[in-house]
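Here chain A shows up in two complexes: once beside chain B, once beside chain C.
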Partner chain A sequence: MGWISNTLQSLISGIAVGSTYAIVALGFTIIFSSTEVVNFAQGEFVMIGAMISYWLTYDDFGLRWPLYVVVPIAVAVSAVVGLLLGWVLMRPRKDASPISLIIITVGASVLLQGIAGNQWGKDAVPVPPFTAVDPPPLDLGAIFHNGSLFPVSVQSQQLWVMGLMVLLVIGLTLFFNKTMVGKALRAVAVNKHGARLVGINVSRLVMGAFALSAAMGALAGAAIAPISTGNYAMGAMMGLKGFAAAIVGGLGNFTGSIVAGVLLGVLETCGAGFLPPEFAQYKDAFAFIILLLVLFISPNGIFALWRRKKAVRA
Partner chain B sequence: MRTSLLVALLAVFAVGALWLGTLPAAQAASKAPYVIGAVFDVTGTGAPLGTPERDTVLLLEKQINAAGGINGHPLKVVMADNASDEAQSVMTVKRLIEQDKVLAIIGPSQTGTTLSAAGTVEAAHVPMISCAAGVKIVDPVKPYIFKTAQSDVHAVAKVLDYLKVNKLHDIAIITVTNAFGESGKGQLLAQAKGMGINIVAAETFGATDTDMQPQLIRIRGTKAQAIVCWGTNPGPALVAKNARQLGLKGLIIMSHGIANHKFIELAGAAAEGVVFPAGKLLVRDDLANTEKQKTVLKNYAAAFSAEYKHEPDTFGGHAYDAMMVVVQALKTAGDDRAKLRATIEHLSYTGISGTFHFSPTDHNGLTKDSFAMVVIRGGKWVPLK
Partner chain C sequence: MLKLASVVTAYGNTEVLHGVSLHVRAGEVVALVGANGAGKSTLLNTISGIVPARRGSVLFDGKEIGRAAADRIVRLGLSHVPEGRQLFGPLSVRDNLLLGAYSRGRADTRAHLHDDLEHVLDTFPRLRERLEQRAGTLSGGEQQMLAIARGLMARPKLLLFDEPSMGLAPRVMEEIFRAIGELRHQGLTVLLVEQNARWALRIADRGYVLENGRLVLDGTAEEMLDNREVQRAYLGKGYREVWE
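Coming up: the complex of A and B.
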């Protein structure tokens, strides 16, 4: 029965990692829908969240602030950086092509990474978990049986990551469906000119979208870093994985991003666990192999495939 | 109009020439400086190694010149950074040799950056003393290349000795897939047989991986009594954390790659009980007073902490040894590269990493006794036995 418990163990760590990919993918989606720009600095917000959490909690800086103060600060700082980036992108002439704006985001990514490397050094840094005590090993078997059939150990931080993802998704759904600002953002996504005609301030909203996705990225960073450790360059890989998830989910597709993000995380850990040991080192490549496969089969994401079938049947 | 411009230009040149002319005259009082090059992986992935190495060399340069230089010759170090990049390492070394005309080169910091520069250095007949660990640097012996970091051969031998003494015969190994981890893995596989130790699982992880649970789950399913992990931060810290989280209670042994406080910080409670081979700098206060190294270690640590306000580490120690080997050789050989090389090849010197006995067949000159086995207890390094 060992394999069941091993699979469950891999699933949990996969879902936790995948939740962060999902949050990053959502960030891509929010910005892409309102601007048609793929923001390659998205991963850097994760890095900012992780590194500021480290900075304000560890002794190097002389501060040992509690996390419930530090994490909101990290999120706020990142939101301001996002706002600035949005502002910069709104500056060029309005007819600037998305490609030139995308290059600006690549530049911003390199710049942010450079600043972080200077400020916090190149070494990996520890980030404290939100809660210090881990829950006792979970035993799914114990429900049916009084032995330890499928023991699974979960870090409290993994629960935090998954919980935060769920809360974010609920919050965003409410935001986009119930609030005026959220609805206006959706209007911008559907038709920018139309939105402008009905009196929506598009550039201000776009800056808001950047701030929102930056804040989300930072939250994901502060949440995952206690598990993965943080470093100045972590944003690049996070951004690429989140981007892969966003594409696999169909760029601009809200639900698709979430499902694809979690899926990528699970495939990565399970792939590393079930393929022969020699393949474990190619873990980072799994996301991109899947990305390529999806692009070959269904360039508009896996959900487009499903929808197309449904359309054909109807 | 044109003549006045000409006169002005001439005047500028004249003043410039005069000013330049006075410089050598002022220095002629002492002898010509000995110029050596230092190239470290100061930025990029090797930064945690290259930074303390650079700091150590700058500190030594200051100390040596304050004490009157080498036989009256001031010492000049040309400092360079290869950005942890193998191609850039070659370019940097070329520049030091061709433009700066250095007598010898100290560094680089990592096995990859050292090996890539080796050909250039050999062709130019410039002695180079690397601070990297990989045994390939000195095996086979290359006439002009030396190194001061202990070879992984010795670290692995020390670890296997420890396993044998403690009757742990079945082990799992988990290694990082870069030059450091691959070299360690090769040595573990090669030496274990002769020691009667079975490797029941051989797992690997990528240098930037953040989750080692899948590999450790597989190890959990074997009869391994101990896990040997060969890597540099942050991988090993995650291995320790994930292993404890998965309920693996066996002994965890790591390489000398975790010989810094960062590992304890990153692994937190999971660092407790981890055993690893370390240079003696880490446990200098616990050494017997009869050990020849003790004074060298304590003096270096005191000077480094005074200058930089933090503790030195093993990597800085490798640079200390590399620099002092060159300085010792310069004392007898003077500014002749070939003589310098021949002198280093027969040098015996006691430094940070141990007592070196260089020879034409051994360009590292250390044995496994340059390591001490250390356990982490209460967030501190405690020497074993």
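Coming up: the complex of A and C.
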């Protein structure tokens, strides 16, 4: 019965990794819906979160701060970087097309990666998990009878990642539906002209959206790095996968981003688990094969088919 | 209350307003009449800060706002009910109204907001039934009411209306204009842009005629309604009716 165990194991690590893709995808979604800009620096926020967590916890640098101090700092630094990026993008706003702004985000991504490579070197670095103790191996079989049927071990960090994603989604839902600032941000996404007319300072709000998505990315980075290790260039892959998830979910679609992110993570790890070892390095290609398939079948994301039906009915 | 002096507005190299001067006194309803493309909407957009004035001055309550940001102008007490309504379609009617009060910030208490909400809902009872519905699902007339109500939630001193009757059935239009008349009795100052000049001049005290980015005529509403040139060009009377 080893394969059931393996599948469950892959499923859990897939959901954990997918949770970070989902968070990055949400970052893309928040920025895209309020600015029509795809922020290709989104992945770098994940890198910033991971690398600052590493930097401030390992004693090569004489610092050994506890994580409950370090993670908020990493998130705050990333939020400031996001704010700056938003500010830069809002400056030439007058008649800049989204395309030229997207190029600016690509530039910002290269710049941030360069700075990180200089500061922290090119090697993979360890980041400590939030809690040191892992829960005992979960055994579904033991629930039903006495034997050890499908033993699955879960790292505590995986639980952290999933838990953070759930909390973040709840928090964002409340923010966008219950607070005035959240509603104003939705108003900006729906109708910028109307938003200006009711007195919403659109560029300030957009800068806030950048800070928010940067903070989310950094949190995802600090949470996943203990599992995946940190690396100055990890942002590129993270950003691309989050972007794939955002597209598969239908760019600008909140629920779609979450579902597609988790799905992508699961397919990726399960795929890697079933592939013969000599193909293991193709794991990363999985996300993009799925992306291509979705774009062929339903160019507006996996929910577009269903939504079109609903639109006809309405 | 509002005073424009030689205002020039341009999009890129295309000048749309070539030196417009007009004024609106407190408590007045002023109609701005003109053909399509005369620059009426641009004039309103200049006043509300969506498009900055290139030259000239816009004084609102004695403050220069010609190049101020739109959100600051709303906070000063000037609300713009735009052409095409510009509602937030997927958001509920209630949220649209609350966002109308966004400029008032957190300084204003919930109780005040609630009172104002009740007040605009009394003015437009049809919105009360639709409070939790998405704004995008309302009928055209209801959307126009919502746009006006949203503008009122900012507690403006001066309200700019851009084509409130556009695309509405005559009966609904009547209702909208009755509401505008009511607002004026509550002491609101109104600058009204309207293609339907007859309706506009009927509720206005004074009027201006804008042609190709220049004001060519002004006077009291009665004078304008009697003016042959206005009758011919904007009230839909043919040459024959006017000249024979």
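Basically, the second predicted complex is superposed on the first by the 306 of 314 C-alpha atoms of A that agree within 3 Å, B and C clash if a C-alpha of one lies under 4 Å from a C-alpha of the other, contacts with A are read in each partner's own complex, and residues count from 1 in each chain.
One rule holds in what follows: a residue touches a chain if its C-beta (ideal position, glycine included) is under 8 Å from a C-beta of that chain, and two chains touch if they have at least 3 such contacts.
No experiment lies behind these values; they were computed from the predicted model shown.
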Looking at the overlay, what does A:Gln155 touch: chain B (first), chain C (second), both, or neither? first
Where does A:Gly273 make contact in the superposed view: on chain B (first), on chain C (second), on both, or on neither? first
With both complexes overlaid on chain A, does A:Gly199 touch chain B (first), chain C (second), both or neither? second
Under the stated touch criterion, name the partner, chain B or chain C, that contacts more residues in chain A. B
Regarding the shared-chain residue A:Asp123, is it in contact with chain B (first), chain C (second), both, or neither? first
Let me test your reading of the model: by the given contact rule, A:Met180 touches which partner, first (chain B), second (chain C), both or neither? second
After lining up the shared chain so the two structures overlap, which partner does A:Pro136 touch, if you call chain B first and chain C second: first, second, both or neither? neither
Based on the superposed arrangement, let me know which partner A:Asn191 touches: chain B (first), chain C (second), both, or neither? second
The chain A residues in contact with chain B across the complex are 2, 6, 9-10, 13, 17, 58, 117, 121-126, 134, 137, 151, 153, 155, 224, 227-229, 231, 237, 269-270, 272-274, 277-278, 280-284
In their shared complex, at which residues does chain B touch chain A? 43-45, 47-48, 177, 201-206, 208-211, 213-215, 217-218, 220-221, 233-234, 237-238, 245-247, 262, 265-266, 268
Can you tell me which positions in chain C touch chain A when the two form their complex? 48-50, 69-71, 73-75, 79-80, 82, 85-91, 95, 98-100, 102-103, 150, 154
Would you mind writing out the residues of chain A in touch with chain C in their complex? 180, 183-184, 186-187, 190-191, 193-202
